[in-house]
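Look for chain A in each of the two complexes below; its partner is chain B in the first and chain C in the second.
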Partner chain A sequence: MKIISEITYFAPTTIEEAVELLQKHPENSCLLAGGTDVVPALKKQVEKPRVIIDLKKISGRIRNIELKTIENIESIESIERIESIESKNQQELFIGTLVTFCDLLDSALIRENYPLIWEMSKVVASVGIRNRATIVGNICSAVPCMDSGPVLLTYDAKVQTNKRIIPIENFWIGPRQNCLSIDEIVLGITIISTSPKSHVSAGRFVKLMRYRGEDLAQASIAILINSFESAATATAEVKIAFGAVAPVPIRAYAIEKIISKQINQWDEWNEWDQMMEEALATIPDIIAPISDLRASAEYRLHMVGVMFKRGLKDAILRLQGNGSKYGSSLI
Partner chain B sequence: MNKIEFMLNGEKIEVWANAHKTLLELLREDLGIKSPKCGCDLGDCGACTVFLDGKSVRSCLILVPEVNGCDVVTLEGIMRPNLTKLQQFFLDHNSFQCGFCAPGMVLSATELLQKNPTPTLEEIKEGLSGNLCRCTGYTPIINAVADAVATTVATTINE
Partner chain C sequence: MEFSFIGKSHLRVDGKEKITGSAKFVDDLDFGANLLYAEIVESPHAHALIVDIDISTALASPGVIKVITGKDFPYRFGLYMQDRYIFACERVRFVGEQVAAVIARDPVSAKRAAKLVRVKYQPLPAILNVEDALAAETTLLHPELENYQHVPWFFPAAGTNIAHLRKIRKHDAIDAIDAIDDTDAMFADADLVLEDRYTVPRYAHCAIECHGAIGLYDHAKRLTIWSASQSPHTQRNLFAQALAPLGLTHKDVRVIAPCVGGGFGGKAGVSMEILAAALATTVPGRPVKILWSRAQEFYNTYQRPGVVATIKMGVKRDGTITALEQNLYWDSGAYVEYGSNVVNAAGLSATGPYRIEKVKINSYAIYTNLPPGGPYRGFGYSEFIFGLESHINEVAKRLQIDPILLRKRNAIREGDQLAYGAKMNTNGLIEAIEKVEQEMDKMDKMDKIRPHSHPHSLSQSSNRCYGKGFALFWKAPAMPPNASSSAIIKFNEDASINILVSAVELGQGFFTVMAQIAAEVLQISMDKIRVETPDTDRNPYEWQTVASHITWSTGNAVFKAATDIRDQIFTLISREFQKDVKDVSDLYLFEESVRSHSNPHFKVAYQDFVISGISMPDGTFRGGPLLGRGSFMPEFSTAISDPETGQGGKPNVHYTVGASAAMIEIDKESGKITIPKVVLAIDCGKAINPQLVQGQVYGGMLQGLATVLYENMHFDESGRQLNANFTDYKIPTTLDIPEEIVAIIVESAQKDGPFGARGMGEHTMIPAAPIIANAVEDALGIRIRSMPITAEKIVAALKHNLNRDLGPEPYEPYEPYPRTEPRPLSEEALAAPIISGQ
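Here is the complex of A and B:
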């Protein structure tokens, strides 16, 4: 399939130049990173831009994966508080716009600190695509079945652009639509979390697909459990998000509430069945799956329940240290 | 038209091309490099795989100006002058019938073994999962890579 429309190609070397180009061609320009979404869209004439602005020649931070510690100095009040200072230490992860899924898989930093991002990257298409496709491109294309969406939701990620910082939940406004203005460029994704010293964290990403290697998700789910232990009690928070079963990836706050309540009075799986029944009953109100060539709405609804049940069980087992290996298949 | 300079299989190439031309079209139609094949032309099948700066990519999803200043290697480039050891294993196992997927398979397997010289069967399947073969059912292809891994491991131990 040839691209039939003529295009003018620009490869700016700075963000400022790229913004200028966007301002000069407000109607018919398109940003290019990996191109694994843009080029098929050009071929199928889903998009007909006249101007392509390739970001790959821009150097600097947008190529990096960075992890830095944010010290919270204000809370130093007395020696007694030293422990709580430690627990208030936060870390910030930055994933630049040109970081590919293969970069994420090769990063020890991601694998150790953000295993859900690693687990998700492992099921994005195949090596040849992952070498090129970027996680920022994935969220900017805003296809409802994107793999990175649910995971970024559970990590409460933020999108940093040349103009502002947008919570990931507000980033998508509909299928294939993001909230960026015409001259706005995403610089990267940030995730702020408490330092791993103060809590144990485990999760599970499950992607339902017909075969590995190239298929898009029929449905996906990300579950993240953070357990904060202090001298007196352990408190846990659970975050759950679904993909490919609504116009945009969505957080399941209703289920999170049910599970968080139960998990903080965890009694060795005794109340598992009851908790599941309560949680599964809320799913139809949260998601709005459609029928398309990959799966029917009924199948998606059913499988989301199955994936949630198995996923949560595995996430809890991983938190306890005897769950499956990250990257293993669950369905 | 854009002027593009890049390295192709170790040789410097200078071409003038339209920006809406893909690397696959340039290689096959203008430069006579026929190992990358046009299968689905949408990045699914892996038949058009080439190495770009050492990584396997879909040449059908890359616009020609994107490779300006880059290093492109196709199957023609890695098998100079003879078959690679890995290709010999594919040959010994009768891995291919029509051969359309072969260049992509060889490149993907080469990259896999460069990154991980001792992959498990599961990792081999994962590494080749982006390359579709409509003839063989994949068994002789996977066997060839597994045999290459076993043999290399065996010879390294014997050395």
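Here is the complex of A and C:
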């Protein structure tokens, strides 16, 4: 299928140049990274930009996956969680704007430290798409069924642009809408966490698909458990987020509250059913699934419950070292 | 009999060509700088009158050469019934139908200009399902139906939307046939009568190569079409007929089919290729190319028609089926020039492979404002077998008889009377049933092991359950009685041969099988044989590569051509070597040479005479280039029968039969089905290449499983397809293959087939839907009567928990097909192809 609209193509080599181009063409311009969303939209004439600004010629950090230790944690704003924890040993992950899902899958650093990102990347579309598609492009397109959204929510990721740092939860404002201004370019995604030495972490990403081949999520769930061991007590936190069942990916704070109350005693499986019942009851208030040709709202609602139940159990088992392998199927 | 080449799994002769990329498909052909490109203007309406077409803006657009509309080609055409126009004339009948075309110097200019063609429509009520089409005060899609030309075995009902009604009325006591129309009398002697309704939606072929064609009309008035086609000769015939008003005759039209990237019936007959032929005549001297996009591949080629089937079956307490009444209401779409024959074929064979005393079948081809229904692997059989084989299990359950035993009791045997009165051919149905049963016994053992060893250790075992499903299938080639094949074999200097045929290699292994047949007769090694792609000027006639008749029919032609050469060789050698050999009967072929039974030392190598002739002592030569010819037509076939009963003809040359079973695992919470094992046994008469037979079983089964598990077509209330893409029309990937597929070959020779072979290509997908439906019922006690059986449908059925007590009302999770489901559009659906000209 041919692209029939007339387009001016730019390939700047620095972020500054790219910003300048955006300022020069405030309307009908479009940034290009992997192109797996932009090009089909151009072909179908869903979008008709006159100017395409390709970021792929830009070198430097936006191509990298970096992990560094942060010594001076206080200088970073609004990281209450980490401040409340008695540890000075923090680390920051940076995923640049041009990092593809295959880069993430190939990264030992990701696989070892952020297994949820790895598990999610594994089910994004197909190998061919993952070779080109970027995780930053995925969040910028802001399609409600994006795979990366729920996982990034559970990691409390931040989006770093040329202008500011945006908590991922504030990044989306509606289906296919992000909060970026006209001349704003995402440089990368950052995740700040305590180093693995001071806590144990495990999680689960589950994606509902119509078959085993590549598919867009009909619903998805990410669950992350961090367990902090200290001399006095063991503390833990659970983070849960849903995808494809609301206009944007959403955190399930109400469920987190219910689970966190009991998560420290997760050996107590006898409490499990009661906790589940309480948690499942809150789901209809959290999500707002739609009916379309991929699935009905009823099935989505039903499956979110199933995926949550199985996902949480597996996440806990993984934390204990008895769970399934990352990347295995749960439904 | 011991064969050298037959029954051996030779490597595909076209393998290297395909895997190295040297194979040329239509879009690979280079036509140089003069090539023009065409883009069509599509109807945004399912049903409307065309009031006016303004082409002026489009014509003035840069790069545009011509803009063509229906007024330029007011000719009707069609394979079995001439109900189509090249471009919509006066009226559009489905969303996406071609109304006009732009020819331009490049594809982008063509596409841009197509959006500038302004078409004014007067919308008419859109008929989107068979119920509405049959309603009393309905809108007629084809008010001129009675004027359409059609084959003599079609029965259109003027003044209705019924394009064809195939009636079958059979009573084993011939003089009692009138009793069949009295339904009460028909079921009077049954101990149990069970009635139900099954629905099957539309499906798409999804061949990996989209349709495409290039037309060139030269200044000497020769029209050449290169097309991705299963039917080059049929295309030539229809092009010549449709364009006859321009003064074209058959000899002036040439169709060349290079390598074809899959068809499954979608590239049979003529669909978009007529555009390349027609448009080329408007720009003499310059080739015009037209390629379908994936979206057009869905909504503007043939689709597999949907069907609503009502089944009523009467049985004796011992399981003997006494009577069957089936009404098949086919959603045949906007044009039925090919699709009516699907309806006809299904009507003839809707008893399934059973011996039934009293049969009443009505199979209706019904016009609707959806894309044209047409040929698709299985040709109507997959559709009625879903209902029939589901229904037989329901009958067995009520009789408390094992469903396999019930099938065995009624299984058709050689010589039994078919529904239209002719006799059933030799077949190994019972053997197939028994072999599948043996494999199912192994499944039972597996059943006991699996719950502990399964990888999904987290889905608690209480969430999982297992079911087994079994079904029989059959299918006959659906062809005109005079559908025929021919072949020419040419020898080369080194005793290699070229086989000229006009059937199409579309992945099924046809080339390899033809080479094996010629190799066997002529005793030539496989690497010395090439089989050529069709060119209607150079290769001899072939009807179409459809109906699973190619191994049988073209195989017979190749066998005859090879035998023709062999006989010429024997005649020549016995004449010129009278001193060395006795006579023709003394000769045989072995290792590319002629040998004598009586004289072990006698040997004449092919390469010493097949082109050069036999060198004589006086310096002269005898013989000449050897050329074999073979033609095959099933001379016993006739489609003429009593229109009211269907009795009297022999419309089907033979049936291929088989049995199949699946073991499935259902996750009761998610509704998801996994398939540890599938078995299929088929009687192909003789497996000329067992590995290719196996390949057909794997491929067909996978295609069939997709139609029952997740493939589905969605239309909105205006008749627009919502999922004309692979984002939302799912075809299986390698991850979706059952864990084990067992292919069992049964061989009861077809007497008139080459080495006993009969067709088996389409058949392998036919039982897929009922084996799954029956396994679901076995596992959960739930009978799902509408395809596809999605995970969502299973969960909905389980939640409602209905029909577990064999209650009379079937459970339907949704409004029964074909009512469209008015659901809010998804983002992707809104982004579906934009229709120009609104």
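Here is the rule we use: the second predicted complex is superposed on the first by the 311 of 331 C-alpha atoms of A that agree within 3 Å, B and C clash if a C-alpha of one lies under 4 Å from a C-alpha of the other, contacts with A are read in each partner's own complex, and residues count from 1 in each chain.
We take it that contacts are C-beta pairs under 8 Å (C-beta built on N, C-alpha and C of every residue); 3 or more make two chains touch, one makes a residue touch a chain.
Note that the structure is a prediction, hence the values are computed from the model and not measured.
A.B. asks: Considering only the touch criterion stated at the top, classify A:23 as touching first (chain B), second (chain C), both, or neither.
C.D. replies: It touches nothing on chain B or chain C.
A.B. asks: Tell me the contact category for A:320 with respect to chain B and chain C: first, second, both or neither.
C.D. replies: Neither: A:320 stays clear of chain B and chain C.
A.B. asks: If we overlay the two complexes on their shared chain A, which of chain B and chain C does A:8 touch? Say first, second, both or neither.
C.D. replies: So A:8 only meets chain B here.
A.B. asks: One more residue to check, A:274. First (chain B), second (chain C), both or neither?
C.D. replies: Neither partner.
A.B. asks: Looking only at chain A, is it chain B or chain C that touches more of its residues?
C.D. replies: Counted on chain A, the partner with more touching residues turns out to be C.
A.B. asks: So, does A:310 touch the first partner chain B, the second partner chain C, both, or neither?
C.D. replies: second
A.B. asks: Where does A:214 make contact in the superposed view: on chain B (first), on chain C (second), on both, or on neither?
C.D. replies: A:214 sits against chain B and chain C alike.
A.B. asks: In the overlay, answer first, second, both or neither for which of chain B and chain C A:56 touches.
C.D. replies: Once the two structures are laid over each other on A, A:56 reaches chain B alone.
A.B. asks: Contacts for A:132 in the overlay, against chain B (first) and chain C (second): which applies, first, second, both or neither?
C.D. replies: After superposition on chain A, A:132 lies in contact with chain B alone.
A.B. asks: After the superposition on A, what does A:299 contact: first (chain B), second (chain C), both or neither?
C.D. replies: Touch partner of A:299: chain C, not chain B.
A.B. asks: Touching chain B and also chain C: which chain A residues?
C.D. replies: 1-4, 212-214
A.B. asks: Okay, in this complex, where on chain B does chain A touch?
C.D. replies: Touch residues, chain B against chain A: 2, 18-22, 25, 41-46, 49, 52, 55-58, 60-63, 65-66, 68, 108, 111-112, 125-127, 129-132.
A.B. asks: Give every residue of chain C touching chain A within the complex, in rising order.
C.D. replies: Residues 107-108, 111-112, 293-294, 455-459, 667, 669-670, 672, 709-710, 714, 722-723, 727-728, 730, 732-736, 790-792, 795-796, 799, 823-829, 831-834 of chain C touch chain A in their complex.
A.B. asks: Which residues of chain A touch chain C in their complex?
C.D. replies: Those residues of chain A that touch chain C are 1-4, 41, 44-46, 143-144, 175-176, 208, 210-216, 290-296, 298-299, 302-303, 306, 310, 313-314, 317, 324, 328-331.
A.B. asks: Where on chain A does chain B make contact in their complex?
C.D. replies: It is residues 1-9, 11, 32, 35-36, 39-40, 42-43, 52, 54, 56, 102, 125-129, 131-132, 212-214 of chain A that touch chain B.
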